[in-house]
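One chain, chain A, appears in both complexes that follow, with chain B as partner in the first and chain C in the second.
Let's look at the complex of A and B:
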């Protein structure tokens, strides 16, 4: 084994890693925002809101991410009539897919707050949206923080799927260098190590937050 | 958007046999991998609860490694790297095997999911109140007997939802094996789309497979959970 091949290509590989991070961060921010609305829809008392949100969540959660990515790669050019850059198309697919997963986390966070909080908030004269925004969501956020961090790690792991449609994220960059230099052993082991270090840090953070949940109160 | 639907295309050859082969492969792969992962996962879960520090360390290391490397990277490691690390004659034997992609996918999926199941087993067992252990010991049962007769039957029922959802996870994760050349259902849909440019029809067939399986597993597990529930524990229904 000769690991100097990694040193020689480090710039190219790091560019790919940056792209992975970019995709993960954009996905997390956008899908979490959408997820808050869907989660509120999931606990709504109106059926006309509750059912569509439930269908959205269950539809996406029962399909693999890779298939959702294929769907969007077919549908986006068909609907918009032009081909978007692949980063945008992947991002749309990821945001829609992970919004469903984040929505479930936010929903269980909201449900962990307890209905007496909502009743108390409403009785002080706050409107429903005010009590959601000012009373329920901040508490829910604290309760669901460990699960959110875990899901962020899953999003980061999920960015590898962009490889399949040829977006130049970290795994794709690795495979390109592996093919060109014919050093697959060194390169894939390196990639595995990089993912391991990043995701291990994330899961440890989630564990730490879980253990310190009580302290935060 | 103008798109003319042509659903009959799925029934034409070779599309029909691709879809059927894909569904068969997906189901076969996920069932076998789930079985292997369950056995291995229980084993690792047990190791992580043991009194020996070394064993516990091995179990934890396994879980952390396999949980924190993305599945796609693990599949590539098994597919591209693992055969190269074998001794020469073994490598030749491995390459001569039939269905190397399927075998690789099976190894990758099982080992990945085993780590997740081990985690579920551990949290299932630690959710059991300490009094159960103490009561079992005080009746004179040994540690092994306590686990066999009291804790496992109890924990197993608590863990049914988690184990079922692991099956659904492995079922969806098996789609990733198309990257190493397993002809599973998502790969079949992609192939049909590539040949006919009929993406909506092709992907609908794949999505329908996943959704129907998910729905039936959820319904079956709901029934099973109800049938096996521990009286007085979960007041559902």
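Let's look at the complex of A and C:
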């Protein structure tokens, strides 16, 4: 075993890691935003809003992520006649896919708040959307923080899927170096360690938040 | 001639097939305090929720201050003139007492923060919990929480206050501090509809008592008469049962 290959290629590897983080962070921010709207749609009293939201969520949750990525990779150029950069293709697929998962987390968060809080807010003259934004969502976010952090870890692990369409995220960079240097054991051990540290930290954070729910105000 | 502040005309409300309110017609005059009582499930809470249209009623209408709620497009604006107090307080747990009170004035009436806080200050003084302004609801006793909730409801200077069993979730030693606040409100001429089992409050403070059963108004009487000389047998039974418990 010779771990100097890692040190020799650290810049290239870190570039890949940054790309993975970038994809994860963009995905989380965008899909969580969309998820809030879908989740509100899921609890709407109007069927014309509730049903489409439910269909969106269930359709995406019943497909594997890799298939969604392929869909966007092959179909977007077919429909638009243009090819998007890999990063954009993957990002769109990820946002759509994870929006469905985040939406379910946000929905259960919203439902944990209870309709009497909405009634109280409405009774003071706030509109329904103000009640959602000012009263329900802040409480829902607090209740669902552990589940959100756990899902963020899953998003980060999911970034490896971008490998299949050739995006140079961390795992892809690692494998390129492994092939070039013929040192697969050292490199994949290193990759495993990096994912372990990141995901372990995230999981511990989720556990901590779960135990200290009342801390977050 | 004064017009009623609240006019309920042939109001019916169903939950699925269950008839919760059955063709109710009743008026409430401004400046009066009316206690609504009746057995559990008789529709008291449902009636209150129809008065600010938190419940979408099927047939009939509620006229508040001359405006029909059924056809109202600005229901939020109308609701801001009607304060509501709940059995379980329903303070916003993620906001301080001060922010609980100033939220609606700021977002509904567009009052700036300083002005809203100055006003909240006065209200908190009035309900006797000024020293709790910066605490969060879960740091307050039940009685203090309910008084904060009353202050929140008063913050928009409503013309009408609705109370749905405001003392039922309180420990006995805290009931009187909340009733005292309500008594002061009534004395100052607030129009109040109060669902409560506190018969002492009904007798001493309320002008009138409305007795409901099975979604109907069975009896309406001046509060003294209601207890001494109830008109209906069902009200008589109810009074006997409630007074025995005390």
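Please note the rule applied: the second predicted complex is superposed on the first by the 213 of 217 C-alpha atoms of A that agree within 3 Å, B and C clash if a C-alpha of one lies under 4 Å from a C-alpha of the other, contacts with A are read in each partner's own complex, and residues count from 1 in each chain.
In this section, a contact is a pair of C-beta atoms (placed from the backbone, for glycine too) under 8 Å apart; a residue touches a chain by one contact, two chains touch by 3 or more.
Just so we're clear, the structure is a prediction, and the values are computed from it rather than from any experiment.
If you count the residues of chain A that each partner touches, which comes out higher, chain B or chain C?
B
Regarding the shared-chain residue A:67, is it in contact with chain B (first), chain C (second), both, or neither?
Only chain B; A:67 stays clear of chain C.
So in the superposed three-chain picture, is A:195 touching just chain B, just chain C, both, or none of them (first/second/both/neither)?
So A:195 only meets chain B here.
If we overlay the two complexes on their shared chain A, which of chain B and chain C does A:139 touch? Say first, second, both or neither.
Once the two structures are laid over each other on A, A:139 reaches chain C alone.
Would you sort A:59 into first (chain B), second (chain C), both or neither based on which partner it touches?
first
Name the contact category of A:166: first (chain B only), second (chain C only), both, or neither.
neither
Based on the superposed arrangement, let me know which partner A:119 touches: chain B (first), chain C (second), both, or neither?
The answer is second: A:119 touches chain C but not chain B.
Which positions of chain A sit in both the chain B and the chain C interface?
On chain A, the chain B and chain C contacts do not overlap at all.
Mind listing the chain A positions that touch chain C in their complex?
Going through chain A, the ones touching chain C are 116-117, 119-127, 130, 134-135, 138-139, 142, 217.
Help me check something: in the complex, which residues belonging to chain B touch chain A?
It is residues 1, 3, 64-65, 67-74, 76-77, 80-81, 84-85, 168, 172-173, 175-176, 178-179, 186, 189-190, 193, 199-200, 203, 206-207, 210-211, 214-215 of chain B that touch chain A.
For a test of understanding, state which residues of chain A touch chain B in their complex under the given definition.
Listed in rising order, the residues of chain A that touch chain B are 59, 61-67, 70-71, 74-75, 78-79, 81, 153, 157-158, 160-161, 163-164, 171, 175, 178, 184-185, 188-189, 191-192, 195-196, 199-200, 202-203.
Using the touch definition from the top, list the residues of chain C that touch chain A in their complex.
Residue positions touching the partner: 49, 52, 54, 76-77, 79-84, 86, 88, 90-94, 103-104, 107-108, 136, 152-153, 155-156, 162.
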